[in-house]
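Starting off with a structure, shown below.
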């Protein structure tokens, strides 16, 4: 009994992960990583881990992304790989 | 045999180590510094001699320093064999100290404080090797001796001496860590014990002959201070050191510590009996005999006096090893005796070489024509010393060589007798020309006038040691008795 | 370099997959993870701490020691960032 | 088939972890390495969280008075322990990320690039 | 950096009056929500970390909408450091206090000796205390992380 | 203060002090110094008391929050962890005198940040040795890592790059460890080490448990810089501010080795490790032998004293890992003894380096010419440390090497014995090169009366104490092993 929502989320997560490490633009990578975090957060919410989901939403998708962006704007967006 | 606990062995070892501290502190006042050196030397001789009677009566002294490994404490034990070596070393240290003062001052050497301090540490370590009660303690002092003589070898601080220092350490530390230490650990893991016992601790271990052979080889080459080939290269290199160092290194402390260690191992760790049963004496004998012959031949070709003496030393050291390798009572006695006899002879020779350098500034034999007429006392002493080394009566060297020869006959290996005879002949070949040139050849053209005997501080010690060599022929009984006791005869 | 990294990743992944063979089925209520410590917390957390949010109860009390160091970790991070990055006003 | 149904979740986690791991060791861009690190960490968190899942159970927040009076059926509630652990792990993750970003900025100040090979080139000069 | 700044200037992102006003209105609510998350951690998802991050986010928001200098009117560097330290100190201090009052480390029930509430209630209350500590620490550190990373350590100009 | 909390205070006092240092140390270095030294002195005394107590009464189980063991987080004070606790606090105390000086010179005005991180690092290390909970271990691991990332990145020049490398490698290590914990948790449902040790034999050693063990070990190996996972260490330690290297070099790798021992014998069992995975066992001894030799050889290529020492650390890690995996009690005794001795030796050497860097501004070989004349006391202590590294009796290093080699002989792992001996020889080369440069490289007409340039007393005193400790510990290693180390070994060993 593969629940379809689970499977969908999981495949999205994997796609996001691959995209995040393969996009050449770091800012885009960071944004994709934010999406990844948010999907993770949904996944955990479906697993009943509300606290973790909440934390991931605030920390992973929120602050962490902002910190990445802050750092990238002060350095460079380009990436060779 | 009554073993008494006493702190005196420790004091005997420590006296010069502690002496190093005031020596270092009186850096700016040479007179005071050298009084400390002499004082320490005197006290040391006194302590060692005061320990002697009890040992001669078959007793011993013991002092446990610390319990470091289960079953193997750091312990000093004065037995006959240790006493034998300690007696030689401490007496000769006193003379070397006297001689050093004269030598160093006349040449106005640099870094004399470091020199005297290292010297003090080195003699401490030598005595430690002599008095060590087990293999671990001996190893400890052996390493300490290597390290403390390193600054002496590198004394000149120029590129050549640094290179020699490196060579010295490479050989000595390399073999002791690389070969002797594993061998020691194998012995420990077999027996759980590293004590020196008459008959050897390996007696009960039931080790196979192959293992015994491996251990023997590891130990034989592991204590490379004994200069057995192919680990002899450090010795000629170490000749860059000041002559008192060379005399002490080659006459007494370092090389004898190596030979002494090998003898100790054969007598008291591996055990002559076991080696005899496993029929392993030939390994030692082959190595020693080869070294004797090759070193004597090489010595013939050397023009630098100190280098010639160095190669001579390499050869002579192997006599001691050879004696042990014969595994017969007489042979082993001879080997042990040769430690003392050679020490007095060789130190005289080195003292003379130093005196010649101090007085005439000459290092090469080819330059020494006619020098004997200007420095008669030095040359006479040199003559006596070389006679002793060659093994001519009436000098001490004869006694040990006689024993060795008898041992060779007893063990039925006549080839060894041949080796001894040939080598003695070679000894004569490389020593007599020096004396001959000194007395009978005319001095070279343009020789500066006014070369005369070295200062008194140099001259007195070398005369005394030469006379000692002579005396040992007539009164060898103390050393003879000690050697007998050491072998449990 | 990349090939090496890829190979290392594959090997590691294979080992991890091999390890999952023994795992209890996903979401199994009888798995050891769900029974051993967990049941104690679910049963006793509320009576012992009067906190209805079990996660908070375990976080704040049973595993308060962890949480304390978690705070210290974040504190260290703040401190480290200041120490590494901050430039003094003058320069 | 039974095996796949029971375990497919775990396998996907492993794939995720390996994506992160590869980025950490294989990518040359330092930011990419960091993103990889975060992916790796979240994947591990996912693994932990799924260890607490029970089929047909509720979130770990209960009614205090009901529990005090009647007790609670263990099987109905999700295991809270992994959640606790993973809260800690998330916070640790952000802390490391923060410090790493700060170090990144310092590196950029020094070398003006975030590519490992370019930095090494500059060092070589 | 300059380039980014120039582009931001051109787009007038940082100074959009709509955003600024929206932020100004939103921030108090966000902060109240953050406080709620902290103190209501006992009964609902959330707790010190989440609440702390939300509180921190409110300051970050100000800094994003205005600029860093302006946001430091709300919380200065000094206050930030003091709050961060205080937060961590509250947690560790509570633990040590429990030990000093004869219990084991972090055994809140031991604080019963201080004010008698009953051990179980003290545990609940102890969790509350440490959550507040966590909240404070996380808030100030999130803010400080943002400050430093978004201004490259200079604390002068934001993103 | 009740005595049962004493070991807790050992750890908590530096932690609390860290925050106070950050709050109040901004203006005055004296405040920082007083607080740091005060708290560490307290920790040292208390930890020695704890050690004495533990040797008397045996293992103490302590649960933070007063929840019984598998539910709350258990702190374990047994002889082994008590030894480590005492070691950490004493070494940190000795190091911090020097650190205070060198930070004052290298990082003026940032002492309050530095020492807050520094104290948390130390208390994190203490937490690591105390913990009896697999997950808490991860948290403590991250504490020590994050503080050291920050501390290392405070250095100049290439230090941030080294630190970033360390971040990546350290995170890989920590993640691997956490993965191992996850696997164990999935299989057993518990995190407490003692509990794990009870449950693991009942479920049998399947693929998941073996994987868990593997990942935990690899994670720790990354953290301890076990060859070939050592890449981050040399740069990180040599480029860090000297004060960091002073405490990180002696402690970090050794504590990680302690953790490996802890995981191996207190979570898994010797049977599981050495009998069921005999192949891995001998494989790891081989790896350790290679680690020893390559660490030493890489050290040979260095032209900077600090960097050279960091490669020696890599080699020393090989010693200890090999000793532990020899699978006999002699080897393990040697490894544990070597943890103690090696931390002291490294401390001694790094204190000397700190004094040199303080005076000369660097430790490249070229700068060291004639250094024995300028800093005779420092270099005398350095020589003692060097002898100990080489393994010259009666310094401490000899005796741990003794046990390690003996263990190798007993286990029949000759490659390990050869590696140890060879590395001793290479160490001899390394250190005599320094001694030669420092002592005998001098122009001919120098008569050795240069101006003394000794480091301040605050740097020399700990150095001399550590050098003396090397000899004292060496001479008393018999009683030390009999009365402490033997007790610290796992039961049945």
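Residue numbering begins at 1 within each chain, and the chains themselves are lettered A, B, C, D, E and F in the order written.
We take it that contacts are C-beta pairs under 8 Å (C-beta built on N, C-alpha and C of every residue); 3 or more make two chains touch, one makes a residue touch a chain.
Since this is a predicted model, take the numbers as computed values, not measurements.
A.B. asks: Mind having a look at which chain is the central one, using mean CA positions?
C.D. replies: Centroid comparison flags F as closest.
A.B. asks: Once you count every C-beta pair in contact for both, which comes out on top, A-E or D-F?
C.D. replies: D-F
A.B. asks: So which chain is farthest from chain A, going by the mean of the CA atoms in each chain?
C.D. replies: When every chain centre is compared against chain A, the largest gap points to B.
A.B. asks: So which chain is farthest from chain D, going by the mean of the CA atoms in each chain?
C.D. replies: Checked the centroid distances; the maximum from chain D is B.
A.B. asks: If you average the CA atoms of chain B and of chain D, how many Å lie between those two points?
C.D. replies: Going by mean C-alpha positions, chain B sits 70 Å from chain D.
A.B. asks: Once you find the CA centre of chain C and the CA centre of chain D, what distance in Å lies between them?
C.D. replies: 8
A.B. asks: Between chain A and chain D, what is the separation of their C-alpha centroids in Å?
C.D. replies: Here chain A and chain D have centroids separated by 11 Å.
A.B. asks: Centroid of chain D to centroid of chain E, CA atoms only: how many Å?
C.D. replies: 23
A.B. asks: Using the touch definition from the top, which residues of chain F touch two or more other chains?
C.D. replies: Residues 15, 19, 22, 64-65, 135, 139, 142, 146, 149-150, 153, 160, 179, 185-186, 191.
A.B. asks: Considering chain A alone, which of its residues make contact with at least two other chains?
C.D. replies: 50-51, 55, 59, 63, 67, 70-71, 74
A.B. asks: Provide the list of chain C residues touching at least two other chains, using ranges where the numbers run on.
C.D. replies: If we look for residues of chain C contacting two or more partner chains, we find 16, 20, 23, 31, 33-35, 37-38, 41, 47, 50-53, 55-57, 59, 61, 63-67, 70, 72-78, 80-82, 84-85.
A.B. asks: Across the complex, what residues on chain E touch chain C?
C.D. replies: 41-45, 47-49, 84-85, 87-88, 91-92, 95, 105-106, 108, 120-121, 123-124, 126-127, 130-131, 133-134, 137-138, 140-141, 144-145, 148-149, 152-155
A.B. asks: Quick check: in the complex, which residue numbers of chain C touch chain E?
C.D. replies: 47-53, 55-57, 59-61, 64-65, 67-68, 70-72, 74-75, 77-78, 81-82, 85-87, 89
A.B. asks: If we count contacts the way the header does, which residues on chain F are in touch with chain C in the complex?
C.D. replies: Its residues touching chain C are 15, 19, 22, 64-65, 67, 70-73, 75, 109-110, 113-114, 116-117, 120, 124, 127, 133, 135-136, 139-140, 142-143, 146-147, 149-151, 153-154, 160, 179, 183, 185-191, 199, 203, 206-212, 214-215.
A.B. asks: Touching residues of chain E toward chain D in the complex: what are they?
C.D. replies: Touching chain D: residues 43-45, 49, 138, 145, 148-149, 152-153 of chain E.
A.B. asks: Write out the stretch or stretches of chain C touching chain F in their complex.
C.D. replies: Interface residues on chain C, with respect to chain F: 15-16, 18-24, 31-38, 40-41, 61-66, 69-70, 72-73, 75-77, 79-84, 88.
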